[in-house]
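Chain lettering (A, B, C and D) follows the sequence in which the chains are written, and residue indices restart at 1 in each chain.
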Amino acid sequence: MSKKSNYTLFKQRAYIIIYGTSTKAGRLFDLILLALILLSVLLVMMETVADFNAQYHSQLILLEWVITVFFSIEYLMRIISIDKPWKYIFSFYGIIDFLSIFPMYLSLVLVGSNVFTVVRALRLLRLFKILNHPQFNSQSVHLKRAINASRGKIIVFIYFVLIITIIIGSIMYVVEGAASGFTSIPAGIYWTIVTLTTVGYGDISPVTPFGQFIASFVMILGYGIIAVPTGIVTAEIAKSTTKVPKQTKPCTVCGTDDHQDNARFCYKCGTSLLS
Amino acid sequence: MSKKSNYTLFKQRAYIIIYGTSTKAGRLFDLILLALILLSVLLVMMETVADFNAQYHSQLILLEWVITVFFSIEYLMRIISIDKPWKYIFSFYGIIDFLSIFPMYLSLVLVGSNVFTVVRALRLLRLFKILNHPQFNSQSVHLKRAINASRGKIIVFIYFVLIITIIIGSIMYVVEGAASGFTSIPAGIYWTIVTLTTVGYGDISPVTPFGQFIASFVMILGYGIIAVPTGIVTAEIAKSTTKVPKQTKPCTVCGTDDHQDNARFCYKCGTSLLS
Amino acid sequence: MSKKSNYTLFKQRAYIIIYGTSTKAGRLFDLILLALILLSVLLVMMETVADFNAQYHSQLILLEWVITVFFSIEYLMRIISIDKPWKYIFSFYGIIDFLSIFPMYLSLVLVGSNVFTVVRALRLLRLFKILNHPQFNSQSVHLKRAINASRGKIIVFIYFVLIITIIIGSIMYVVEGAASGFTSIPAGIYWTIVTLTTVGYGDISPVTPFGQFIASFVMILGYGIIAVPTGIVTAEIAKSTTKVPKQTKPCTVCGTDDHQDNARFCYKCGTSLLS
Amino acid sequence: MSKKSNYTLFKQRAYIIIYGTSTKAGRLFDLILLALILLSVLLVMMETVADFNAQYHSQLILLEWVITVFFSIEYLMRIISIDKPWKYIFSFYGIIDFLSIFPMYLSLVLVGSNVFTVVRALRLLRLFKILNHPQFNSQSVHLKRAINASRGKIIVFIYFVLIITIIIGSIMYVVEGAASGFTSIPAGIYWTIVTLTTVGYGDISPVTPFGQFIASFVMILGYGIIAVPTGIVTAEIAKSTTKVPKQTKPCTVCGTDDHQDNARFCYKCGTSLLS
C-alpha cells in the first residue's frame, strides 16, 4: 500500500469518529467533546468571577490553553477529514469553532483579547446533539413536532403583541413622562413588555394614579394574553400525545381500525387480529 | 368622453387601489402604506430618545414632513375616492388618520405641538389588516374563533377578579397602612393587581408580618386564578384545533356537511350518505 | 280587611322585592342595590385618597350619610320582611350588612370610627349574585363546575406546595441569613412563596452566590409547579366544554345515543329521532 | 409465657403502631406524630423571629425539650421494633430523624448548636404520607401519574432551558457589564433565569438600550417557554382525567377490563362481552 492510501484511510477513520455517531469511538468522541465544551464554558464563567479569578488565575489560564490546544486539533481534524473543507469552515458551527479558539491565540499578541473566548458559550449549541440519542429522541420528537405545529399561530400572536406593545408604550410615555422613568417611547415599550410578560422588575413603574390605572389594565390584559401561547402549545402537545402511531392493522372481517395498541381480537366482531 | 367621466374613472381606480386588496396595485399600496406607518412610528419613537434627537433633529424633522405630506395625500385621496366621505372622516380610522397628520401642521403655528404626533402609533392598528392575507389567515382565524368563544367566560372571570381585587386591596390598606406605601385603597387595589397577576414590581410591598401573611395567601390564590383564563383559552384552542377537516361528503339532498365522522345517514333529513 | 292583614301583605310584598328576583320590582331592587354598593365602596375608596378627601370632604360625608340611611332602611326591611329574622341577622351577609352601617352611627359618638366603613367592601360579594342572571349563567356554571371538579386536586397540590415552601424557606434562612433580608424562617417562607409564584417583588432577594444558585433552582422548580394548577383547571374546563348536556334521546331502532345536538335523524340507521 | 416472648409481643405491637396504618392505634399514632412535627417546625420557626424569641425564649426552649424527648422515644422505638435496625438508621428518614433530635442534646455541651434543629423541617416530608390516605389517594394518584408521565419531556425541556440560559447569560454579561450589576457570567445566568421564569426581582436589570432590547427579546421568548411545561403537564392531566371510570364489565373468560367503551368482544381473547 502506498503512503497516500494510508492517509486516505486515516482521513476516513477520522471522519467516522468526528462526524459519525454509529461507532463506539464516534460516540466516545462526542461525549468527550461535550464534556470539554462544558468544562471550557465553566472556565470562561469562573474567569469572570473576580474573586475566583484573582486566586486561581494561573491555573485557569493553563487549563484554557489545554482546552484551546485540544479544540485546535479538533478544528484541524474536522477540516482535514472532510471532503469539502470550505463548506465546514463557513458553516455556522465552523465559524463558532474558529471563534472559540482564535481569541486565545490572539491574546499572545494583543493582551486582554482572550475576553472574547466568551463566544465559546455558543459551542454549547452542540449539546443539543444529545437530544438525538435514542433515550431522549421520542420525548424531544414529540416536543419538536408540537412546537413546529404551533409556530404559525405563535408568530401571528407575537406580531399582535408587538403592535399592542408599541401602542401601550407610547400611551404610557405620554401619561407618565420622563419623571417616572418613562424617558422615551422605547423605554415605555420596554416597560410594557416587562409588564405584559409578568416579569415586573420594578426598575420603571408608574407613579401617577392615571398611569397606575392604565398599568392595572395592562396587567389584566397580560392575564389574558399569557393564556394564548400556553393554549396554543398545550393544544398541540395534547394532540401529539394522544395521537400515538398506530400499530394495529384494521380487522380483516369488519374493517374496524381503532383497536387498542395491544388488541389481539377485534372489539367489534371478535375476529383475531394476529392472523 | 367628457372630463367629468375621466375624473370618475380616476376616482374608481383610486378607490380600488386604496381600499381594495384584489389588484396588484392595491396590494402594493397596502405594503407601502404599512412600511410608511412603521417608519413614521419609528421616527416618533426616536424623537423621544433625547440623545438621538439632539444629534439628528433636523433629519428627523425632514423625514417627518415627507411622511406627513404622503399621509396628507393619502388622507385626501381616501376622502375623494369614496362615495360617502363623511362616513370615512368620522370613522375610527378616519379620525386617527386625521390626528396623525394634523399636529405637524399645527406645529407651524404652535411651537411644540408636534409632540402629539404620538397619536400616529394608533395607525399601527392598520397593521392587523395583514392578518387577513391568505398565508396568515387560517392561523389567525383559528385564534380569533377560540378567543371569541372564550370571551363570555373571560368577562365573568374578570368581573370576579375585580371584586376580589377591591376586597383584598381594602384589607391590605387597613392592615399595612400608609407607612408601607399603601397610601389609599386604590393604591391597595393597584398592589393587589400587581400581585395577583404575578407581575410584582416591588414598588409597594408589605412589610408587617401579618401583611406578608395575607400577601402569601394572595399569591397562592393568584396561582389558582392565573390557571383559569389559561384553561379557558386552551380548552377553546384545543377544540378548534381538533376539529379536523371533514372527510364526510355533504348530504346530496339537503346539503348539510357537518356530519359526525362515522355517520352513515344525514342527521337532518335521514338520506343515506354512503350511496 | 284588618290592619294586621295589611301589614302581612306589606311584609310579603317586601319579601318578594328584597329577596326575590322573579318580579320586575325585585330585579330593579337588586340593580339599584348593586349600584349603591358600588357607589358606597367608591366613596370609601376616595375617602382614603388624601388629596381628594381634603378637597371634597364634606360632600363625601354627606353622600356617605345618604347611603348609610338607605342601607339602614334596607337592613330593617330585610329583618321585618323575613319570617325568622335571627337567621338573617346572624348569617354571613347579615353580619356584613350590619357592620357596613354601624361604624357611621358609631362615628357620631366616637370620632374617627367611620374608618371601619371599609368593611363595606365585603358587601361587594353580593355582586356575585349577578352571575346567576341568565346571560351569565351558562358561562359561570361551566366555570364553577370545572373549578369544583378540580378542588380536590388543587388542595392536594397546595398542601404539597406549602410543605416544599417551609423546607426551602428554612434552607434559605440558613444559607443567606439576616444580612440579606432573610431575618427569620417566616421571612424565608415569604420569599419562597414570592419566588415560586413568580411574583418576585425583589424586597428580599439572595445576594450570596450559593443563595442565588438555590434561588435559580427554586425558580426552575416554580416553572414546573405553576404548570400543575393550570393543567388541573384546563383539563376540567376542557372536559366541561366538550361534554355538553345531552338533549337528544337514543335512537329507538339501533339505540345509538351520541347524536349531534340538532340531529333529527339517527346518523347510523336513518330513523327519525323526533317521533 | 417467658419474658422474652413478652418482649417479642411488645415489639410486634410497637411495629404495627409505628410503621403500620391499618389499625386504629396506628392511624392515631400517625396523626399525633404529624401534629408534633408541625408543632416542632413551628417552634423552630418562631425561635428565628427575634422579637418573639426575646419574649418567650424560656417557654420555647421548654417546649423544644418536650418534643425532643418525644422524638427521641419515637426514634428508639423505631429502632427496637424493626427487625433490621441498621436499614432504618441509615435510611433517608432514619438520618433525618436522628439529625432532628441530635442538635438539642449537642446544645448541652456546645452552646448555640441547637440552631441546627432547622434540619427538623425535613421531617415535614413525612407529611406526604397523608396523601396515601383514602380520601386524598385518588386525587394524588392522578396527579402523580400525570407528573411521572411528563417527567421525560420536562427533563429534555429543562436541559434545553439551561443551555439557552448560559448562552443568554454570557451575552448579557458582555453587553451590560459589571456597571449594571452583571458582575460575572454566573450573575448573568442568574438574571436570565430570574427573567425567563418571569420572577423578575429587579435586583439586577439592564440599563443600556441594547441590553434592554435583548431583555425584551428574552422576555417574549420566556412567554413561549413558560407555555411548554404547562402544555406538557396539562396534556398528561387531561389524558389521565378523561380516562373515565369504565362502564364495560371485565371479560368473563380472561378478566381483562380496560375495553373500549363501545367494545362488543374482548380485545384479548375474543369472547363476547354482551352475553
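In the analysis below, a residue touches a chain if its C-beta (ideal position, glycine included) is under 8 Å from a C-beta of that chain, and two chains touch if they have at least 3 such contacts.
Values in this document were obtained by computation on a predicted structure and should not be read as measured data.
By count of C-beta pairs in contact, C-D exceeds the other of the chain pairs C-D and A-C.
The most distant chain from chain D is B, comparing centres defined as mean Cα coordinates.
In terms of their C-alpha centroids, the spacing between chain A and chain D amounts to 30 Å. Centroid to centroid, with C-alpha atoms defining each point, chain A and chain C lie 42 Å apart.
Per-chain CA centroids place chain C at a distance of 31 Å from chain D.
Annotation for chain C: residues 49, 186, 189, 198-202, 209, 226, 230, 232, 234-236, 238 touch two or more other chains. Residue ranges on chain B touching chain C, taken from their complex, read 152-153, 155-157, 159-160, 163, 166-167, 170-171, 173-174, 183-186, 189, 195, 198-202, 205, 207, 209, 212, 215-216, 219-220, 222-224, 226-228, 230-232, 234-236, 238-239, 258-260, 262-272. Those residues of chain B that touch chain D in the shared complex are 49, 198-202, 209, 230, 234. Chain contact summary for the complex, chain B toward chain A: residues 41, 44-45, 48-50, 118, 121-122, 124-125, 127-128, 130-131, 136, 138-140, 142-143, 146-147, 154, 158, 161, 186-187, 189-190, 193-194, 197-203, 226, 229-230, 232-238, 241-242.
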